[in-house]
Amino acid sequence: MTLWTGSGLFNIEIGQVIMIAVGFLLLFLAIRKGFEPLLLVPIGFGGILANIPEAGLALTAAENAIHFALKAGSTEFLAALAAPLDVAYQAGQAVTPELKDTFKEAVKEASYSDMAMANSIAQDAGYGHGMLYNFYSVIIGSTIGPLVIFMGVGAMTDFGPLLANPKTMLLGAAAQFGIFGTVLGAALLDWLGILDFTILEAAAIGIIGGADGPTSIYVSSVLAPHLLGAIAVSAYAYMAMVPMIQPPIMKALTSQKERAIKMSQLRPVSKKEKIVFPLVVLIAVVLFLPDAAPLLGMFCFGNLLRECGVVERLSDTAQNALINITTIFLGLSVGSKLMADKFLDAQTLGILGLGIVAFGVGTACGVLMAKLMNRFTKEAINPLIGSAGVSAVPMAARVSNKVGLEANPQNFLLMHAMGPNVAGVIGSAVAAGVMIKLLS
Amino acid sequence: MNELMSQAVELMIAGMGFVFVFLVILVFATGAMSKIIARFAPEPATPAKTPRAKPKAPASVDPDTAAAIKKAIAQFRSRHKK
Amino acid sequence: MTLWTGSGLFNIEIGQVIMIAVGFLLLFLAIRKGFEPLLLVPIGFGGILANIPEAGLALTAAENAIHFALKAGSTEFLAALAAPLDVAYQAGQAVTPELKDTFKEAVKEASYSDMAMANSIAQDAGYGHGMLYNFYSVIIGSTIGPLVIFMGVGAMTDFGPLLANPKTMLLGAAAQFGIFGTVLGAALLDWLGILDFTILEAAAIGIIGGADGPTSIYVSSVLAPHLLGAIAVSAYAYMAMVPMIQPPIMKALTSQKERAIKMSQLRPVSKKEKIVFPLVVLIAVVLFLPDAAPLLGMFCFGNLLRECGVVERLSDTAQNALINITTIFLGLSVGSKLMADKFLDAQTLGILGLGIVAFGVGTACGVLMAKLMNRFTKEAINPLIGSAGVSAVPMAARVSNKVGLEANPQNFLLMHAMGPNVAGVIGSAVAAGVMIKLLS
Amino acid sequence: MNELMSQAVELMIAGMGFVFVFLVILVFATGAMSKIIARFAPEPATPAKTPRAKPKAPASVDPDTAAAIKKAIAQFRSRHKK
Amino acid sequence: MTLWTGSGLFNIEIGQVIMIAVGFLLLFLAIRKGFEPLLLVPIGFGGILANIPEAGLALTAAENAIHFALKAGSTEFLAALAAPLDVAYQAGQAVTPELKDTFKEAVKEASYSDMAMANSIAQDAGYGHGMLYNFYSVIIGSTIGPLVIFMGVGAMTDFGPLLANPKTMLLGAAAQFGIFGTVLGAALLDWLGILDFTILEAAAIGIIGGADGPTSIYVSSVLAPHLLGAIAVSAYAYMAMVPMIQPPIMKALTSQKERAIKMSQLRPVSKKEKIVFPLVVLIAVVLFLPDAAPLLGMFCFGNLLRECGVVERLSDTAQNALINITTIFLGLSVGSKLMADKFLDAQTLGILGLGIVAFGVGTACGVLMAKLMNRFTKEAINPLIGSAGVSAVPMAARVSNKVGLEANPQNFLLMHAMGPNVAGVIGSAVAAGVMIKLLS
Amino acid sequence: MNELMSQAVELMIAGMGFVFVFLVILVFATGAMSKIIARFAPEPATPAKTPRAKPKAPASVDPDTAAAIKKAIAQFRSRHKK
């Protein structure tokens, strides 16, 4: 009976069971533990949907057609689909299990236009793209989603503290070592033969160290789309775990005396400065790093909408309706990358492992940079604000503040930490631009 | 050291180098910008207010809005029995 | 003078006049009579736009090109368009009235890729898709529109009353007989030779009995897009008429004594139950009916956003900005299916007739199911809440309450009726999944 | 009885059967879920509040919001003469 | 080193420097001078982004591929791209500077399907459309953007004053002479051999006289997309300058006595009239000008949402979330048309010159029409309200009011001026329809 | 006079002619409509209120909303110390 042979219970594979469990785990972390719920609720739910057997919500029309053609053994149709994908299969040939893998490989290798042809054949036969696949291609495939989020983030960012003390930007720069250190780590794992990575994959994994969601999604969608799910998930998960990851490192690298350093009250910042700053950043991008233009361009645009004061209604929409709508579909789209056969392999474990290294290295470098700067600047910097340079806005800044208060109950570092914190966002966007420039 | 390693090292050098160059330039550009504005277009300055920067956790802004509105509605409803 | 020969007055056909009148009728019902205005205002207006002569707002680029080529008698261009559509026409041949119908047929039969080719030829010649056609293909053709609405509905649904008294779900199940009874009715009309229907058309018509707008649109867009206009219009129209359709049936099937049955106060429901419920439904979908995954998946997702309590801003957007934007374009898109030559035929009358049957049957079955359950359960159920099982949320539940109050002024059934009411939404989504599974 | 009729009958049997199976399972699953939560994760329960479920007529939620906000604006304007 | 050879500083061209300066100028005008900031902030910022060297944010995949292939001298790839574009280039041939221009020409001439083929070749090679190009094609290329804005404008328009005194519509008609007078002016410049224009370009330029943003963008996207940037910019710039442009003309054409004319209080207008009016306009469109259907259809739809009173939530969304989101992307898309090589030529100067003429002529004709009407109507019209007929809502109406108060401190013309003001919106939409009908 | 000129003249004649025809028709249609409504469906009329028509400068509506809401939030926050 079709209903039974077509039911999930009849078709479910162990991998799908595991991934659905992972989806529920993400929902649990988001809802009960408050791990970045705005993203992890849609991601977790999308992950479950993507692994519903037979539904093929995350597959292209061609993949769905192949799946059912293999199941039904309709060889003519399979042959038609095989042609554009360069699969050596003639109508009438036996439908072997290997054939399934051959097709899977072929789909992975297929060029843009071959895939388009296979899809149109499938659509002629009445198959359609899965819902989540549509979301993914519109929101992430086009790179529009992460950029719109980044615009909204810009519209929610106040650069005041950074403008009051610009040199704290260097902390945001140092913390980006987390990114490139992780690339090195990935290369090391590859060298030691533990895992296989290409330089593209290594770079995409490194960006986790940027501790910035949209940047991670943007970069991995460009450099290594097949790892996007694992990268986005670990980026958001570790951002939520910053209060657990950072303090031990911060304390290990600083003395009680350093942690107690009181910093002088920030100078007031004028409205004009706040309006001009995003334009200064934009000019720097124009002159030095065109490849960071989409990310930093949208970021500065959002911030200009916020600060210029004459387009309140646009700024408001960028901070609310628009970013919320995008977040919903972005999350589901990321979830579509949590499919068992693409997610469940050693690389994912490697990514999770390297991700936490990335955060640790970034934190350490930020703190050490602060200590280094204290050698050269008269007015002392509390090294605790260095850790905020990884971004993970505003969590990391709050952590700096909290650890600071433990050392000295009169010591409020939040405002001082916001400077490196937002500088970290710029820093990782710049790093993203460099990677895309050099590798793609 | 295999090829990937060397690529990674190169990427690190180029990347960190560039990130620092870019942000150092930005430090000076920003400083200059502030000075120029202070010189040529001074203004009754406002104290740097608590940042609302909450990329990943903007919810902490909105629920209040929501709550506030809900409250408004509630009062509104209660006033206009329906 | 082009302006005159191109004017509506010069070109309007009787069918278009009628359909424009229908559009105004829908606007009248929506604005003056309050018939589901949120949908019927855009649908009615879209219907008028779709029937503006010469404007071709609801046509593809190819259809527009054919229309003007036939009018101008530019035979070379016609021949170019004829090729991909397998129309036997050579440049230079006479442009007969039959040719028009031949092309219309060909367009209807054309495969996805043939149509794409014809469109690109038309676009090379400077013709474009009509505005409403663009809306339709983006919002409904992609199935995204109904799913987003369904997500919003989920975010606006409180399952509390259902959780307090789960067995009322059976009423929501029984009421779905309205769907399949109507399929039978359509088949009967076909058997009696009164009208012609395919099983796909019959199923799409049956879904009207689901008394749920997005579900009807989703199913008909998958099974019988050419009937979507009539199906959506009658679904929404009859939902608005529930207060007229249901009471007589409810009273005919119940005794005064039954209608006066008082039901015990519902138990309080904990937040945790509300959070877990959508996940329970999701698991059931995963295990038993993958084909209902898009509809029920988005529905459960919306409900989880609402109940989980950590993503207020997403839940809020899903309930407002997002659902409103989608509703505007969904309505206009449905209206684009109210074109004279596609809407004005006997089938539409059949659909309108069958639609009201569907509501009646669903109502009756819900009530009878309640009476049946009273045979087996100790605590009595007031059969009036059975009629709410057709969904048409929340109208049907209000009707149950109203009729209940007539029988016993102390008898407040609203809360008890909300259970079967929302169960009916799940029920018709399940029915939709079964139909899509078995037929497409 | 022609072919369409038989198809329709089959569809009805399969469909209604499945709808009932699905919802009956859901009844038991939900009951079990509630019991489990009550057993292992009890909680100061909240009374089932009036459902806001208004798929087709959500306007009845919003106008209030709109109204409430409009009111707020009105007061706001009147306070800050502009 | 790639980073340096790929940097903006290394590649920037003088034209890009100029256009970036123009972008900053627009931002300055918008933020400091309050020139239509809602549009000019996104347009100016988009203009800067579009001119970032090497980033190619406003280019198609094919254009980006050609750019880098020429730079890298990868001749095989160039040959592959040359084929669909009918560029006579064989692999191995020298990469001459002329070749660059040949390709640029070819891209400009390429048909829809040739371009599609070239793009898919480029995408196979890993190149993608620029971000701004994507925005442009989705928002403006599809014509959806201006139409959605127009719907929002309709939802924000109160026709009360117009309904209270319908004959002021004639002022809105007369002011449209600004449009066609400008077309004549463009033709004159062409005749005198000062500039070259086609009739399509002349018409697109003329629409600036409509003093209505979305209409200008819609018309130029249909008739002359390559001029869209210049046309949209001058339309919005001059709309903002209405308080400077109009008063001298108004005073020159009227006597102190005329300016002091007091007009009788407007009669109250009933809700029903306001509901029916958009439908009356719609019927007129259906009967007389199908080609104005998209613009006026959406405008009337928005107004109906506003007035019908039963879809508050849709009206609210059309006036806020939806129009804001569209405005952000529409502005950036318009900015994408401010690319140096497309914007910097004599035509642009001609457009800026003709644009201000258009506003002047429109203003004058509105005023003169009012004086003419006073010859025939008993109750006098203050000619100052004639200038409001150019639309530029609500600025022009405020100007009428201001100039009126100067002449007679007790003379409040605002309400009377709103009539011709909104009539001007309808008038220019009609003119747009005529142009599209006759020319495209 | 070259061809473009003549095209432009034609376009002007056709265009202005049509715009006037269209709006004159609209003047009469509107007048008729108002009379019909006044005759057959009279209604306690509302005075034509200040137009909210602000196509290009709608900001002047919203900031108030924003402000009002922000205000509400502020009060709300201050009431519920967080």
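Just a few scattered comments:
Note that the chains are named A, B, C, D, E and F in the order they appear, and that numbering of residues resets to 1 at the start of each chain.
One rule holds for everything that comes next: contacts are C-beta pairs under 8 Å (C-beta built on N, C-alpha and C of every residue); 3 or more make two chains touch, one makes a residue touch a chain.
The structure displayed is predicted, hence computed values, not measured ones.
Contact count check for C-D and C-E (C-beta pairs in contact): higher for C-D.
Chain A and chain E carry the same sequence, and matching their CA atoms takes a turn of 120 degrees, rounded to a multiple of 5. Using the mean of the Cα atoms as each chain's centre, the chain most removed from chain C is B. Between the CA-based centres of chain E and chain F the separation comes to 18 Å, rounded to the whole angstrom. Averaged Cα coordinates give chain A a centre that lies 33 Å from the centre of chain D. If you average the CA atoms of chain B and of chain F, the two centres end up 38 Å from each other.
Of all residues in chain F, those touching 2 or more other chains are 14, 18, 58-59, 62, 65, 69, 72, listed in ascending order. Across the assembly, chain A contributes 3, 37-38, 288-289, 310-311, 313, 316, 320-321, 434, 438 as residues in contact with two or more other chains.
Considering their complex, residues 111-113, 116, 142-144, 147, 275, 279, 282, 285-291, 293-294, 297-298, 301, 304-305, 308-311, 313-314, 316-318, 321-322, 434, 437-438, 440 of chain E touch chain C. Listing the residues of chain F that touch chain E in their complex gives 1-2, 4-5, 7-9, 11-12, 14-16, 18-27, 29-31, 33-34, 37-38, 41-43, 45-59, 61-62, 65. The touching residues of chain E, when paired with chain F in their complex, are 36-39, 152-153, 156-158, 160-164, 166-167, 169-170, 172-173, 176-177, 179-181, 183-184, 186-188, 190-191, 197-199, 202-203, 212-214, 236, 239, 266-273, 276-277, 280-281, 283-284, 288-289, 319-320, 323, 392-395, 414-415, 418, 421-423, 425-427, 430-431, 434-435, 438-439.
Across the complex, chain E is touched by residues 2-3, 6-9, 11-12, 20, 24, 27, 30-31, 34, 37-38, 41-42, 45, 48-49, 52-55, 57, 120-121, 123-124, 126, 128, 131, 134, 320-321, 324-325, 327-328, 332 of chain C.
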